[in-house]
Amino acid sequence: MSEYLLLILGTALVNNVVLVKFLGLCPFMGVSNKLDTALGMGMATTFVLTLASAASWVLEHRLLIPFDIGFLRVLGFILVIAAVVQFTEMVIHKTSPVLYQVLGIFLPLITTNCAVLGVALLNIQEQYNFIQSLLFGFGAALGFTLVMVLFAGLRERLALMSVPALFTGTPIAFITAGILSLAFMGFAGLPIK
Amino acid sequence: MNFKPIKTKFDAALAKVKVWLEPENLEQLRPKLGYQTAILAGFALAAAILLGVADLATRGVIQLRLEEDLKAKLEEVIPPEMHDNDLLFDTVTLPSADANLGAAETIVYLAKKQGDVNAVCFKFVAPDGYAGAISLVMGIDKNGEILGVRVISHTETPGLGDKIEISKSKWILSFNGKSLDNVSFEQWAVKKDNGIFDQFSGATITPRKVVIAIRRGLEFYKANQATLIATGEKS
Amino acid sequence: MNAKPISSPHISSARRVDEIMRKVIFALLPALGFGIVIFGWSALFLTFVTVSSAIVFEAICLKLKGGAIESYLLDGSAILTGLLVAMTLPPYAPWWIGVVGSGLAIILGKHVYGGLGQNLFNPAMLARVALLISFPIEMTTWVNVSPFFTGLDILESFKITFSGAEISDAITGATTLGFVKTGFSQAQLLPDLLSDYSGFLAFIGWERGSLGETSTLLILLGGIWLMRQGVIQWFIPVSLLASVTFLSTLFNLIDSTHYLSAWVHLNSGALMLVAFFIATDYVTSPNTPLGQLIFGTGCGVLIFVIRSWGGYPEGTGFAVLLMNSVTPLIDHYIRPRIYGRTRDGKPIEGG
Amino acid sequence: MYVFSAIIILTLLGLALGLSLGIAAKYLKVESDPLVERVEALMPGSQCGQCGFPGCRPAAEAVVLGAAPVTLCPPGGSALVEQLAKLLGVDVDLSQTKDAEPMVARVSEDTCTGCTRCFKVCPTDAIVGAPKQIHAVVADACIGCEKCVAVCPTECLQMHPIDVTLHDWRWHKPQLAAA
Amino acid sequence: MFAFLENPKFRGGIHAEEHKAETCDKPIATNLPLPKKLYIPVQQHVGKPAEPIVKVGEHVLKGQLLAYSQGTISAPVHSPSSGVILDVQDFPAPHPSALPIRTIIIETDGEEKWFKYAIPEKPFELEPEEICLRVGGAGVVGLSGAVFPSAVKLNLGRKNQIHTLLINAGECEPYLTCDDLLMQERASCCVGGIRLMLRGMNAPKAIIGIEDNKPNAFKAMQAASAEFEQISVVQVPTRYPMGWDRQMLRYLTGKEIPADGRATDVGVIIHNVATAYAVYQAVCLSKPLISRVVTVSGGAVSKPQNVEVPIGTLMSEVLAFCDVENEKLARLIMGGPMMGEVLPHADVPIVKASSGILALSHDDIFEPEVKQCIRCSSCVTACPVGLLPLEMASRIKANKLDAAVDLGLKDCISCGSCSYVCPSNIPLVHYFKFASGELFSRQQREHKAEQTKRLAENRTNRMERIKAEADADARRVMEARAARQAAEAQAKVLEENA
Amino acid sequence: MNLSILFSPEYKRIARDGLWDNNVVLTQNLALCPLLAVTGTATNGLGMGLATIAVMVASNGIVSLNRHLIPSEIRIPIFVLLIAALVTLVDICLNAWMHELHKVLGLFIPLIVTNCAILGRVESFASKQEPLPSLWDGFMMGVGFTLVMVILGAMREISSTGTLFANASVLLGESFRFMELTVISDYKGFLLTALPPGGFIMLGFLVAMKRLFDQKAEKKS
C-alpha cells in the first residue's frame, strides 16, 4: 500500500511531469490564467491521463507484445489517446458548455499534450504492471494539476502586479515557471520514486 | 491482349472516383457514421501499410546498427589483440540477481583467442548515482584485472558528476589494471573514504558509487570465474 | 485648491516603508557582525561586495524603468536584500558569487516583476538556491571559525575573495547538516557523527556555516526585537519553529540514530534566519494570521522533509520558495471573517 | 507474418474507434450554443449598431465565435467588458478600457423645424413632439446613439455631456503611484 | 477552530493622535454673532429633499417651518432665525465637489423672534406615537453624520420591540469633541432625550457607551442618569473606530449584526448622544433642530473650540470667529479627520451633519509620496470589518470591480483605518469610494439599459403594427381598386351590351 | 514550379507569420516541451528542429490534400494518426540510415508526435487551405521553430558551458566540425541555464526580447 502511495507522490513531486520531465507545457502555459480553468484543465487531464495509461498498458501487453509489432507503439497509443480525448470532449461539450468554452481549443490539444503520450511511453519504459501504470498515470496527472493550480494562483496575482510592460503576460509567466521549477528541485533526492 | 475494355473500365472507375471525390459529394458523406468509420479505418490501414513496409525494409539494418554499436562499446574495453572471435556471438548468460548489478541476468561476452577465454566483458549498473542509475561496461582479463571501464549512460549533473565520462575526464582510466587482488577491499573507495581513487571536487557521491559498483562487478566475475573460463576450454 | 478632491482619511500614521526596512536591517546587524568577527576579512569583503552590487543593480533597474529613483533606492529594501544574500553565502565565497547572487536577487527576483512589493518569490532565497544549483562547489565550501580576524590576514583574505586563491583544505570542513548527511550515506549513525557536537557553541554561533546564519542567539534576539517593534508578527516564526521542533522530536523519539534532535535542527543552517527574517518577508507571505500560520507550518514541514530525506543537506531555501508559490492560493482561500458574515461570506443568522 | 497482423490490428482498431466515436457524436450532439443567448442577454439591447454589427444578436454571435473582441460594444462600457470576459474566460486588460463620457442629444429650439425625421430614427423613442412643432429629447431615455444628429436637416440636434449633479457626482480614480 | 485568532469583542482599529485636548475643556461658545444671511439646503438628511413652502420675500420667524418633508423617509427644515426669504436657488453644498444644491436663503433681521409652538406639559408622559411625531416634525436627524431621520428609527424600534437602546457617545474621531462637551455641559438634557427615546420606542433599557478618554463626560452622564435605573453608562476603550455602531454593539453586547440586516435584528437601536439632545429639545421645549454644536479645530485655527452654530451659517464665518490663519490652512474638512470630507472652500453652509470643521495645517496632514504596496498587511490588521484592503485596491486599480465586490467591497465602511496605517501611503479608501461610485453608476446604467430595451421593443412593436396596418390599408386599397375595376369592367360590358 | 509565387503577398505573409509574427513558440506558446527539453545545446536544438520541419511539412501537405475527405468529428484522431505515422517513419529511417544522428536525437523523436505545434498548424491552417500554401506554411512554421530552438539552445549552451554547437560533427557529419566553438574558454559554467529552471527563464527573456524588437519596429513605422 505505502509503496503505491510513494509511487504517486514521487511521480507528482519528485519527477513532476511539467517542471522536471518537461511534458505538457503548452496547456501549462495556455490554460493557467485563471484558477478555476486551471483546476478544470487539471481534472480533465487527470481523467484522460489515467484512462490513457490503462488503455495503453492493455494495448501494449495484449496486442503489441504478443504480435511483436512494437514499431506501432506510438501510433497505437496516440490513436487510443485521441479517441479517449475526443470522447471526453464530446461529453464535456454536452454536459457543460461553459467549461467547454473555457477549455476551448485545449481539449483537443490534450491529445497532443505530450504528457499523455509521454506518460504512456514512460509506463512501458519503466515496465510497470497494470496497477502501477494506473497509479503512475494518476500520479503524473496529480503533479500536473498541482503545478497548474499553483501556477494559476501565481499568475492571478501577477495580473494585479505592476509588471514592466516588456515582461507582462508570457515572459513573466515563463520566468515564474522557471522559479517554480527551481523550487521543485528541492524535492530531488527524496527517496520516493 | 486487348487492353481497351480494361482501359475503358478503368476510365469509368476513375471517373466515378472523381465524382465521388467532388467536395459536394464528400460534403454529404462526411456526417455519415459508416463513412467516418471507414475513413478512420482507411487511414489506419494506410498508416499501417506504410509503417509495415518501412519496418520490413529497416528491421535488418537497424539490428545491424545496434550490434555495431554494442560491438564498438565492447571493443573499447577489450583490446582487439586479446581476441580473435566475434564478441557478440560468444556469450554466456549468468544469473546475477544476488550480485547487485542491476539485472537478474547478465550476458557475459567472452573474448577468446584460439578458443581459450582470454577476457570477459559485461554491462552492469550502479543503481544509486547522484541523480539516478549509471550504466557501465567493463572488460576483465581472465585473471580478474580490469582492462577497461566505460560509462554507457548516466544522468549525473553536467559539470560535476559527468567527469566519469571518458570524453570529460581521464578519471575512468584509473581503474585499468586494478583487481581485487592488487587493491584491498578497503581501498576500493574514494580518497575521502580512505580509498585510493580520486573524487571530484564538490562531487563525491558519483565517483563513490561508481567505484563500489565496479568492485561489485569484479566480485561477480570472481564468483563466476571458474565457470567462465571453463566454457572456453570445453569448446 | 486641488481640482480633484482628496478622500479621507486626512491624517496618517508616521510609519513608512524605509523605516520598516531600516529596522529589519538593524535587527540583522548583530548576527552579521558576529559572522564577520568569526570568519574574518573575507566575510567583510563579501558583505561589502554583495550589498554594494545590490544597490548598483537596484539603481540600474530603477533607471531603466524610469520614474522616481531616489525615493525607491533609499527605501532600504535593496540593501536589505543584499545583506540577506550575503548572510546566506559561505564566508569565503569569491566576489563574483556575491555579484551574481545580488544580480539574481535584484533583477530576476525583484525587478522583472516590477520592483518593490511586486515579486512572487523571496529574492534572497531565489538567489541562494540558484547559486547553490549553479555553483555547488563554491556554495558548499565552509571554513573553520577563527575569532577576531586571527585567521587569514587581510592580504590572504583579499586574494581568496577577489582573485580566486585556493582555500587550503586545512581550514575547511563540513557544516553539521552536511557532515551528518555525508555520514548517513556511508551508513554511519547519529551518536557517533555528533560526538564532537556542542549544542552550546552552536547556539552561540561558534560553528561553520553561512556568513550570517550561525548565531541562533543573536538572530533570535534580533527577531524578538523586531516583533516588539511591531515590524513582524509572531505567526510565521512561531509556527515554523514549532513544526520543525515537533517533527524532529517525533522522529528523534522513533529513531534517534537517524533523525537529528530538535535542538540540533534549531541551531543548524539557516533555520533561525529564515524563520525570523526571510519567511516573514511581507511581500511573499500570506496576509492573514491564519494564512501565515499555514505558511509557517508549511515551511517547517518542508524544511524537515528535505533535511531528513532529501538530496540536499539544507532545505530552507527550497522550502521558502515552495511556500512562496503556495502563498497566492493561501491568500485566495484563507480570508478573514467579515463582520456580520460567516467565514464563507454568507450573512450570519440574525439574533 | 507480423506485418500483416500489424496492418490488420491497426485497421481494426481504427474501425472500432471510428465507429464508437461516430456513435458518440450522434448521441452527444449539442444542438445550439446557449452561450450566444447568455451573451446577448448581457448586451445593452439597443440594437444601435455602434459595434459594427447589425444589432446585438449578431454582435453576440461574433463575440462567442471569437470574431469580435469583448470590448466591441461602446454603450456597454467597461462593465460589459468585465462581464463578457468573465463569462467567456478571456483575459482583457481592463485598465485600458475606458468608458466614453455619456452624452445625450439636445434640440436647440431655434432651428428645429419639426420635420419629425429624428423622431422616426430614434431607437428608444426618446424624442417627443408632433409634426411642425418643436421636438425635445427626453434625456433619461436617450442612449446617445447620435442617429438623430445624423438625420437632422438643420443641425439642431447636438450631443451634450450629461450635467453632473450632486447625485451623479462620483469619486475619480486615484492617480497611480509614481513609478 | 481558529476562533482564538479573532478577538470576539474588538478587531482591527487604530490609535491615532487624539488632538482632543485643544477643545475638550473649553466651554461651548454660544456667542457666535448672528450671520447676516443664512443658507439652508432643503436636503440635509437621507431620503427625499424637503419641499419649500415659503415664498421669496416672505417674512419668517425663528423655528418656523421652511420646507416640509416628503414621503416616509425625509425630514423638514426650519428657519434658524427670523428674517426675510431672499431666494430659493442653487447654492454650493458642503460636499467635496461643492456642487450646487437647492437652498433657501434668509436675510436675518437680528430680532430672533421665535415662532410659537405649544410646549407639552408632561413630555415624559406623552404617547410614544406622539413623541415620534414631534421628533419627526422638529426635523431631528442622526447627528453623528449619518443624518437618518430619527423619527423613522424610533418607529422602527417600537415596531420591532427592541430590548436595548444603545447611545453612541464614542466620538472616536480625533479632534472632535462636540459630543464630549454636550455631555459635560448638558448631561441632563441628553439623559432627558434618552428617556424620551426609550418611551418613544417602548424600550426597556438604554446603555450609553463613552470612550475612556472622556472621564468628565462619563462622570457627568453618570450623575445625570443616576436616578434612572433603566439607563446605564459604560466606558469603552479608546480605539478608533469604537464609535462605529456595529463595533460598539459588538463590544457592549457581544452580538454582531448580520451583514444584510439592521441593528433591530439583534433587538437594538443605536442613536448618537447629540441626537438624544436634539430629541429633548424637540419634545420638551418644542424647539426644532435649527442649530448644533460644532467642533472647530485643526492646526490652522488659533482659537480651537466648540461653537453652537445656527444651521445655515457659512463656515467661513465660523472659522473667522475662531481666528483661522489662512496662510497655515492646508486642507478644510467637514467632520473628523478620518471620515470627514474635504471642502474646496469655506463658503458653504453648516448643515445638520456638520459635527466639526477642521482647518488642518501642513503639519497635521503628513503626506508622504505614494509608493507601491509592499503587502505588509497592516491594512488587513487594521480593518475593523475584516476586509483585505490591499487586495480590493489592487483589483480596483486593474478595474476589476466585480472581483473587489467579491472580496467584500460593499461591507467597507470607509472608516479610513487602512489608509491611515499604510506605510506606502496608498489611498485605499479613495479606491473604495471610487469603486462604490462606479458600481452605483453601473447600476444606474443597467437600469437605463433595461429601460432602453423596453423602449426599443415598444418601438419595434409599434413599427411592426404600423407596417401591418399600412399593409392592411394597402391591401384594402388594392382590393377596393380591383373591385372597382371589376365593377367598371362589368359596367363597360353592360354598357357595351346595352 | 514557379518559384516567384513565393514572393507573392500571400506567401510572404505566411513566411512572416511563421518566422516572426505568429511564431509557434514566441507568439503561440506551443511546442514548448521539445523546445525546453532538448535545447541544452544548440546542436540538439538544430537537429530536433530539422526533424520537426520534415514532419510539419509532410503532415500539412497530406492533411491539406485530404481535407475534403476528413469529417470534423474524427479529424483529431486522423490527424494524430497521420502525424504519428510520419514520425515513426522518420524515426525508423533515421535509425537505419543515419544512425549517429538517431543516437543523439533518438529519445526526442517520438516526442515530435505530441508537439502541439504540428497538430496546431494542421488544425488551423492545413485543414482549411490549398496544399501549396499549406506546405509553405508547414515549412515556414518549422523554420521559425528551428530558429528559436537554435537561439535558445545557443543561449543556454554558451551560458552553461561556454561552448557553441558542441558535437555538431556527430549530428551533421564530420564536415560540420568547424561549427564547434568554444566561446568562453576556462568557463566556470553557470549550471542553472542548462537545467529546467534556466530553460524557462531564458525563454521568458527571449519572448521579452522579441517584444522589445516589435516595439522598436512599431515606433519606427
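Some points to look at:
We just call them A, B, C, D, E and F in the order they show up, numbering each chain from 1.
Basically, a residue touches a chain if its C-beta (ideal position, glycine included) is under 8 Å from a C-beta of that chain, and two chains touch if they have at least 3 such contacts.
Everything numeric here is computed off the predicted structure, so don't read it as measured data.
Of the two chain pairs examined here, B-F and A-F, it is A-F that is joined by more C-beta pairs in contact.
Most remote from chain A, judged by the distance between CA-atom centroids, is E. Comparing mean CA positions across the assembly, the chain most remote from chain F is E. One simple way to say how far apart two chains are is to compare their mean CA positions; for chain D and chain F this gives 40 Å. With each centre defined as the average position of its C-alpha atoms, the distance from chain A to chain B rounds to 29 Å.
With each centre defined as the average position of its C-alpha atoms, the distance from chain A to chain E rounds to 57 Å. Chain B and chain C have Cα centroids separated by 47 Å.
Counting partner chains per residue, chain C has residues 5, 7, 65, 68, 71-72, 108, 112, 114-115, 118, 130, 133, 136, 311, 331 touching two or more of them. Across the assembly, chain E contributes 97, 369, 371-372, 397-398, 424, 427, 430, 433 as residues in contact with two or more other chains.
Shared interface positions of chain F, i.e. residues touching 2 or more other chains, are given as 73-74, 77, 81, 84-85, 88, 92, 189, 191-192, 195, 197, 201, 204. The touching residues of chain A, counted against chain D in their complex, run 33-34, 37, 63, 67-69, 71-72, 75-76, 79-80, 83, 86-87, 90-91, 93-94, 97-98, 101-102, 104, 159. Listed in rising order, the residues of chain C touching chain F in the complex are 100, 108, 112, 130, 133-136. Those residues of chain F lying in contact with chain D across their complex are 73-74, 77, 81.
Those residues of chain F lying in contact with chain B across their complex are 40, 68-74, 77-78, 81-82, 84-85, 88-89, 92-93, 95-97, 99, 103, 160-161, 189, 191, 194. Against chain D, the residues of chain B that register as touching in their complex are 33, 36-45, 47-49, 51-53, 55-56.
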